[in-house]
Structures are given as C-alpha cells and as structure tokens.
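Letters are used for the chains, namely A, B, C and D, taken in the order the chains are written, and counting of residues starts over at 1 for each.
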C-alpha cells in the first residue's frame, strides 16, 4: 500500500499535524506564524505529490500560488507583529485578546 | 289585560329614573318614585287580578318582543299571567309596596337613600319578571336579576368589608344553584327544543315516562337551583349572613319574595317533578331536614334578625315539604301567609332595632312591651301567625294544611308528619323565646326614637293580613273554603290523597296546636333550656356547614389561586426563553478572543467531520 | 520509493519536530530551514525540480531570512526563551497533541485506502508548469500579483514607526 | 369596491394622521376620529339595510371585490363580506372610534405616529375580516401585528418592551405555522385539483387525505388559538394587556382576539370539516379548561388590567367551546360572545384606564372605597362587571347561554365543566367591585367623576350591551345566512304562542 503517492501524502499529513500542534501550543506570535508556514508548506507538498501522481501541472501551479500567498502573508504578518510588539511590549498572543465573551 | 306589562315595567322605570336623576328630583322625589312605581304596579295587579278572576281567564300570554330566534328555537320576552303568577305578583307588589313605604321611614337618614330605592325597585321589577315569565330563560333573567339586587342590597352599607363578604357569599352560593339550573335548561333545550314553559310541560308528558332518568336529572337540577335561591339544604348558608343588609331588604328579599322563588320554580314545573318521583321525594326530604335544622339553629341565636333568618329557612322548608308531597297549592298558600307574617316580623324587628339605635342583640333588649306598645302588638300578631296559633292566625291555616297533607297525601307518610309537628314545636319555642326576650323582662336599652307613622302603617296593614289572610283557604274541619286552590287548579294539580279522614285531621290539628302551646309554655317557664353548650354553639353556627364549605371549597380555591398567582404555564415559556438565553451565553463564551481556542475548534471540527466520513464510507 | 525519499522525509519530520519543541526562536527557525530544504529534496524526488528550486530560493531563502531578520530586529533575548519554557508545560501541549494525533490517524487512514494503489511518479517539467500558469491560470497569476502588491503596501503601512501611536486604552493598562 | 374602500380609507387616514402631526399635535386625533366615524356610519348603514341586501343577493355574500394581484401564483386581491364579517367590521369601527376617544388625554407624545399605528392596526383587522384569499389573509394577519407591537412598545407602561416582544413572538410563531399550513393547502390543492390558487372559495372543498387534512388544520388552529388565546398559549395576553396603553388594550381585547375566533369560524371549520370534527372534543376541552383556569387566575390577580386580561382568557374559552360544537345555537353564541366580549372587556379596560388617570395605580390593593367619590363610574363598572359574570339582560349572558346550550348537545360533560366557570366568573367579578368601589377608602378621595368624554365613550357601550342582552335578533339574523348548512340540525317541533281566550 505504500506507494509513492501515499508516502508523500503521509509525509504531508505528518508535517501538517506537527504545524497544527505547534500553533495550538505556542503563545508566542512569531512561533504561531512559523507554524502557519509549516502547515502551508505541508499543504504545498500535498499538491506537488498530487501533481506527480496525475502527471498534471495544476498541482505545481497551486504550490506556486501558495508560495506567493505565504510571502505576502509573512510580510503583512510580520508588520502586524511589529505593531503589536510596539504597543504591548510582548509577543504573547493571549495578551492581545481584548474580547471577553 | 294588555297593560300587564306595566307591572314589571314600572319598577324598572323607577329604578332607571332613580339611577339617572336621583340628584335632580330630591329626596321627596325619590320616595315618591320609589314607592309610587311599586304602588301603581300593585294597583294594576289588583285590577288585572280582578279582571282575570272575574273574566274567568285561565291564562293570559302577552308577547312583547322576540328575544332570540334561531331556527326552531324561539324565545320571546313574553309575559304570562295565570293563577300561580297572579298570586305571586300580588304578594310581591303588595308586600313590596308596604315595605317600600316602611323604608321611607327606616332609611330616612341614610345618605344613599336614592341608591337604596333604585335597588329595591330593580329588585321588584326583576322579581315580577321572574314570576311573570312565559319561558324559563326569561325566568332565569329575573332569577339572576333578583340575585344581583340581593347582592347589592346586602352589601348596601359597603364600608364594612363584612357586609361585602356576606353579599358576595349570597351571590356566589345562589349562583352555584343557578349553575345547576342552567344545566337543567340546557337539557330541556336539548330534549324539548324549547324553553317555553307551556311547551315544555306539554311535551314532557309525551317525551318521558314516569321516572325516566332524563326527567329525573332535569328535576334534580332544577331542585339545585331552587335550594340555592330558597336557602335550603345544602345551600342555606348564605341567608343568615344576608342579614347584614338593611332590615327592609331582609323583609322584602330574604323573607317575603326572593327566597320563595325556589318554591315558585318547583310549583311552576310541577309536571316535571311529578314525572320524577325520586326528585319529588328529595324535595320533601330536603324540606323536612331543613325545617328541623334551621329551627334548631334559630333557637340558639342571639341576633334577632338571625333568628328570623333561620326561621325563614325553616318555613321555606315547610313549603318544600308541601311541594314534595304534592301539595302544590298548600305551598303557595303558605308562601302567601308567610310573606305577610314574616315581612311583619322583620319590619317589627326593624322598628325595634331602629328604636334601640341599631341594637340587634336580643339579650340587650327587653321590656319593650311598654315603651313600644304598637310594635309589640303587631309583632305578637306576626309571632302568633308564625307559631300557628289556632283559628286567629293565618299561619295556622296554611301550616296545618301542610302538616296534614304531609301525612295524608299520596306521597306523604307519618314520618313527614312527625317532622312537621316537631318543627311546629321548635317554631313555637324559638319564636316566643324571641318575643319574651325582646318585649318582656326588664328594659336593658333605652328607646331612642320610636318608629314614625310611615313605618307603623305598613305594620298595621300586614298585621291585619297575617291574621285574616288565612281565611281564603279553610280545612275540611273548619268550614272548608277552597278559594285559593280553586283559583290555582288550572295550573297546579290537586293533591292526590291516600286517605281522607276528618277525624284524623282533627287529631293532627289538635296535636300541632297543643305542641305549639306546650312550646310557648316551656319557654315561658324558663328562657334557658339546658342544652349542652357545645351543641348550642354547633347549632348557632348553622350545624357547621359554613365551616365545612370553608374548608372544602373556599380555602383550597384561595390557596390554589394564591399559589398559582404568577401562572405556571408562563413558566413553560419563560423557561424556553431562559434555555435559549443560556444557550446563547454558552455560544458567546466561545467567542473569547483566545486564538488557540478557535484553532482548537477548527481541529475538533475537522476530526469530527473526518470521523463521520470514515464512519459512513469505510466502516459501516 | 527509494531510500532518498525516506531519508529526506525523516530529516523533514525530525527537524520539524525540533522546530516545534525549541524554546529559542532562532534555533527553531534554523531547524525550519533544514526542514524546508529536506522538503525541497522531496519535491525533486517527486519530479518537480522547479518547485524544489523555488522552495529553496523563496521559502528557505527569502521568507525564512525575513523572519530571522525580524527576530534579530526585535532583539528577543534569553527571556523570550525562558517565557517559552514556562509556557510549554506538558499540560498545555498534551491535549492538543492527542487531538492532532487523532487527526493524523484519520488522515493516514484515508490516505492509505487501497483506492490510491497506483503510484508512479510523473515528472512535470517547468515548461508545462509555465504554460499552464500563463495559460488557463493567467487570471490567478494577476490576482497573486495583486496580493503581493497588497502585501507590500500593507507591510509598509503597518510597519511604519509612527511617533506616538499607542492606543489610549492600551496606554492606560500598561501604565 | 366598497370593501376595498374600507381598507383604503383607513390606510390613507393613517398616513394623513401621521403627516398632520407636523401641523398640529391635536390634528391626528380629529382625523382618526372622523375616519373611524365615517367608516362606522357606512358599516352600520349596511347592517341597517341588511334585509334589503339579502333580498338581492342570493348567497350569503353581500359584497365581493376581486382584483388579480399575482396571477402567476394564484394570488388575488379578493375581498368578500357576509353577515359575520359585517358584524365584525361594525365592532371594529365602533371600538376603534372609542379607542381614539379613550386616548384623547392619555397619549400626549408622538400623537401622529400613535394614530398612524392605531389606524393601521384597524386597517389590518379590517383586512383580516374581509379577505377571501389565504395569501392576502396572511398578509393582513401580519400587517396588524407590527403596529400593535409599536403601540405596546412605545406608549405602554413599565415593562412594555418585554410585553411587546412576548406578544410579537407568540403571534408570529403561530402565524408562521399558519403560513406553513396555507402553503401546504396550496400545494395539496394544486396536486389534487390541478390549479395553483390561494382563493378561499376554490380551496373550500379541496380533496385531501385524512391525515393531511388534520395536520394542515392543526397549523391553522394553533395560529388562531394563540391569538384567541386559549390555555396553554395564553401567557402573552396578560403581559400585553397590562402594559399596553388603554387604547391598545381595547383594540387587543376587543378586536385582535376576535381575529382568532373569526379565523376558526371562517377558515378552520369550513376548510377542514373532517379534521375539525375529529379534534372537536379535545379543542372543546381546551376551551373548558381555559374558562376555568383563566377564571381562577383572574381571581388571583392584584393588578386591575391583569385581572381583566385573564377574564378574557376565560371568556375566549367559551368561543372555543362553542365553535367546535357544530350547531346553530353555539355558532350564534360564539358570534355573540365575540361582540359582547369586545364591548364588555373593552369597557372594563377603559374603566381601568380612567381609574389609572385618577389614581395613578392599577393595584387593587391600593384602591377601595371609591364609590362615594365616583358613583357614576361605580354604576358603569357594576354594569360591565355584571356583564362579565353573565348576568341575564346583558349581552354576555345571551352569548354564554347559547354557547353552553349548543355545546351541551355535543359534549355534555365538557359543557358541565364549563358551566362551573359561571360560578368562578361570579367570584372574580364581584372581587373587582369589592376591591375597587366597596370597602373603606384609605384616604378621602376628591376625584372628578365621569367626564363628558368618558360619558361619551361609556354610554354607547352600556347601550350596546343592554341592547344585545335584550334584543340580539339583529345580530342573529345577520349571522344566519353564513352558518354552514351542516350546522342546522335542530330538529325540534314548531311552537306557537297561544293567547287563550276566556272560557
């Protein structure tokens, strides 16, 4: 059952899960951003594996879009973190929460 | 005869004028209209009665207008005059007029003079409607109308909450009986398709055999209405409390007229009761039991008006006994004489009460024979009639007819006779206990203002009536005059007798008279009969009926009402709203702003969805 | 799959594990670069050399460097690592880890269904990718361009150091 | 066309009243009063000439009006009037006129918007009573809801917003169930008869499965029962009545509740005869329970308006009892009850409003001994209290008697239960008199007795209630042609009045 496709997808799944765990357990915003990067990368991996499974270019195209998005996201995200850090003097995401349900 | 509609219309008109223009016409005007309307009605009744009897009419029906007409169900505002309603109309207007006249003196100082006469006039009008009604629905209108007036007049002095309570009690208790009567009306509509008395009575004999369950049920329900209005067992409790009203009210409503409406109802629907022997026997038993119970209670009262109230219950018990044994005209006869002498007694008591500045306790009276001789003599006449002193009192003739027929009629038996005789004995005791307490002995309270002329004239007239009214119907043993029963024959069937014996009738009358005298003698010897105190208290409180009803009905109802004031059903909806709100709170609690919880939610959702997919696609 | 894949995969997983367990953010970022590089190898093995190159250049090269510079700019010292250590208690991470493990299990179960049995690797050369990208997906490319533009503008706007921009509400709480 | 004008004039009057407030704050009152008096005159005029109208109109319908509205869906602007609708219209305009009068001094703010809402509610009610298209019916049903919500929510007393919401949610929930049923009926009819139509006349004899009919009927029934209201859906009523301004209470008690009763008579029973018969005993039982439960709760209340509100629950139980007895007596009784209850309860609410104006309280515990100060109002109150306990000679008695006599023939035991309600009615009604007018007063009141305006309001009501009690025949005759044929099953013998000649 372990074919190249399933192996690649499994790897993507593992990486994705690891990213997920990280984002769940971290309070530092930078770490959360990094975790998002891990997860995005894992998703990209899944696309690439799928592209190679079908021999179609769409998967890789999608990876490129993810890449572009990740770049934009990181730049905006880092700017936001910078602001946050300037205002709160901390990187704790829970500190940033002003909502009380 | 076409203008008999004026008989009820005049009092109604009087009431309307008194309500609307009482300020404009002044006190004299109020007296004039209040008494005048009833007086003219009495006059018209006399003329109409003369024409009716002289013209040999059996009945006269006057349709005024159509009340309800739905398909085949027609009810008109229609007046119906026959011998029975004529007798009642006469008593109502005549005694009513005298009591109105008396009231002008009795109520002279009351600030609500006009309201009093308005209610009294309304009462007379409703009562006349009751007895002149051609159908049961119109009768019911009068029936409830008199109930309303009774309520208004018992609670006339509204400032005291006790009076209000007594008034409400009277209305509500009679209303319980009325409800039974209403159901009887529904049954009659269902089975005969009509409420017109002549139609019902004509159709009843075709529809039902003797003892048919339906007609028995109807008769029982009508009896329920009758016992409510006539203060018979088990709905008698309201009448003693009703004495909270002004004395003329007690005389008119709670002695002479309204409380006998039950008698009228049963006499009017006699055919139904004849068809239902069980119900008729119950009427007799109710009457018999009531007359003894009320007599005992009357014996131990201290309030003069309460004595008379229990006495009234007891006397109506006699009438019910008469109805129960089928002595229809005897009941009507006793109604007439009772109306005279009991109104007389009440108004005499009222004169005493006013003279003593609203003192009602008999033990604080005494020795009034000298200071109020006129009142004493008329009161004595009334008492004699109530006790049925032989030959010279009207009560003798009417009561002894009942006593005798309780035994000799086809439905009667010696047991009824015994009860009636014992009742006569008790009557003598309590009546003369009252007379002796009030008029003999030492004077305990000083007389303030002796009654004026307007109060005394009606008393004299009634004294004459309660002496001589008995001569319209004399027993076999004494001349055998049957004016009243002849008049009533077309309406009320004559009594079927199980035996006829002049000798035994003599014995019956003799025993009754002897027992009466014996009772007077005993009470003359000693005013205090050594009964156990507990028994006296028990009797005084009306055999515990009030307490029992209070425990069984009133308190649970009030408790239930108080307990559920906020309406439990609403809890259902507020509960639903509360549930929604708490759900909403739970949901908004998740909107906490803690980012990781949101992600956690996403993950949980993902796990859940994937589980479902796996479950649906691969496992099952 | 050949051993190259397994080695690369193992490196990727281990280095990612290291990323998520490090207290020091610099270390974590360096491990992440390792992870990204190993994934670039995996890309290559899956017949996507161009993607592998992009992974190295853009991800490991540009994005990571950006973050590293950022961290350096903020000058996060040892106290940040200490905070991390304090925050990363087992009672914090054990629940999410179990949950994510469950998710992984389910994913794995779905991936390993027999329906996916065929597994040859088809090489898709960059030319095809380029043709597709500027063929049917031209609109998406434009959109991606706009997204990047927005990113640049946004980053510039947000990252600008204004004189006194503290919100009065925050000011009060901090003082 | 005249039917359309009834609604149009009200709507136009509503907008005019709103706009005229800009000119003068008193102007809206006069506009509303004139509009309603005009409509009342027309409606009463039609009633007056009813015999003539019936002569040249062979069916039960006096007037009809039909315009296609959305023909694609089978929706038309279809109005029709028979005796029942006519009586309801007369009642609507009568009580509407009085509710303008009653708020003459009470409403001082936003008079324009108030009268706009009042007239709009009345327009909605008029529409409900006239419309013969189920879609249009639902439309008007909702139209009367929203202005009422404003009337309670803006001009009400203390807890008004809560009351307004409760009122809105209850009736809206019921209304949505009715909408479901209307749509259900629409599609069932389309399926079985092949035509998409909302027309009442077309839907009348829709063939449908027994089960379907029962479910659809329940949807209608719930909406009407909530509005009526019957136990256990009555809890919105006390709150709404208590918090509403006097005019709002009058319109609510006098008219809005009647739309529920009207709906049952007009839609539930004719549309679903089989289901109605099937559910009749249960519904009658609910009615009887409502009579007793409402009465008991009325007795327990300490707030005058709340007490009167619960008496409405009790009295509307009679409507439910009578409507499902399926005979002419009960049907006539139900119509009578609708009218007389509107009059008597409306009057009691007006009295409560007048007392509130004088004493600034509705608590019965704070009243007492008012008779010397307010004898005129005492007499008036006495009359309506007696009406509410069903004293013969007043309209309510005729209604209750007919209902009970009719329902006795259908369900004796349930009717016997309901008859006990007469005793409870006595208990709570007398309590009103005792608590308000009798007893001793806590302080010496120097209060003005009935003003001319109040006299103008109350005297017509007294006249009406006595007239209906002694000569209800015009009402009965007006309703008669509309009674379903299956109801007229009284098979009793003809009777005649005989004047016996002298011997």
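Criterion: a residue touches a chain if its C-beta (ideal position, glycine included) is under 8 Å from a C-beta of that chain, and two chains touch if they have at least 3 such contacts.
This structure is a prediction, so every number in the text was calculated from the model and none was measured.
Centrality by C-alpha centroid: the chain sitting nearest the overall protein C-alpha mean is D. Chain centres here are Cα averages; for chain A and chain D they lie 66 Å apart.
In whole angstrom, the spacing between the mean C-alpha positions of chain C and chain D is 71.
Rounded to a whole number, the gap between the C-alpha centres of chain A and chain C is 5 angstrom. Between chain B and chain C, the centres computed from C-alpha atoms are 99 Å apart. Residues of chain A in contact with two or more other chains: 20, 24-25, 27.
In chain D, no residue reaches two or more other chains under the touch definition.
Of all residues in chain B, those that touch two or more other chains are 596, 600, 603.
A complete list of chain pairs in contact reads A-B, A-C, B-C, B-D.
Within the complex formed with chain B, the residues of chain A that make contact are 20, 23-25, 27, 32, 93-94, 97-101. Across the complex, chain C meets chain B through its residues 96, 99-100, 102-103, 106-107, 109-110, 113.
Of all residues in chain D, those touching chain B in their complex are 166, 231-232, 234-235, 238, 296-297, 299-302, 328-329, 332, 369, 371, 375, 379, 382, 386, 391-393, 397-398, 401-402, 404-405, 408-409, 412, 415-416, 419-420, 422-423, 426-427, 430-431, 434, 437-440, 470-473, 476, 480, 488, 490-495, 497-500, 502-503. Chain B contributes residues 596, 600, 603-604, 606-607, 610-611, 613-614, 618 to its touches with chain C in the complex.
Across the complex, chain B meets chain A through its residues 588-596, 599-600, 603.
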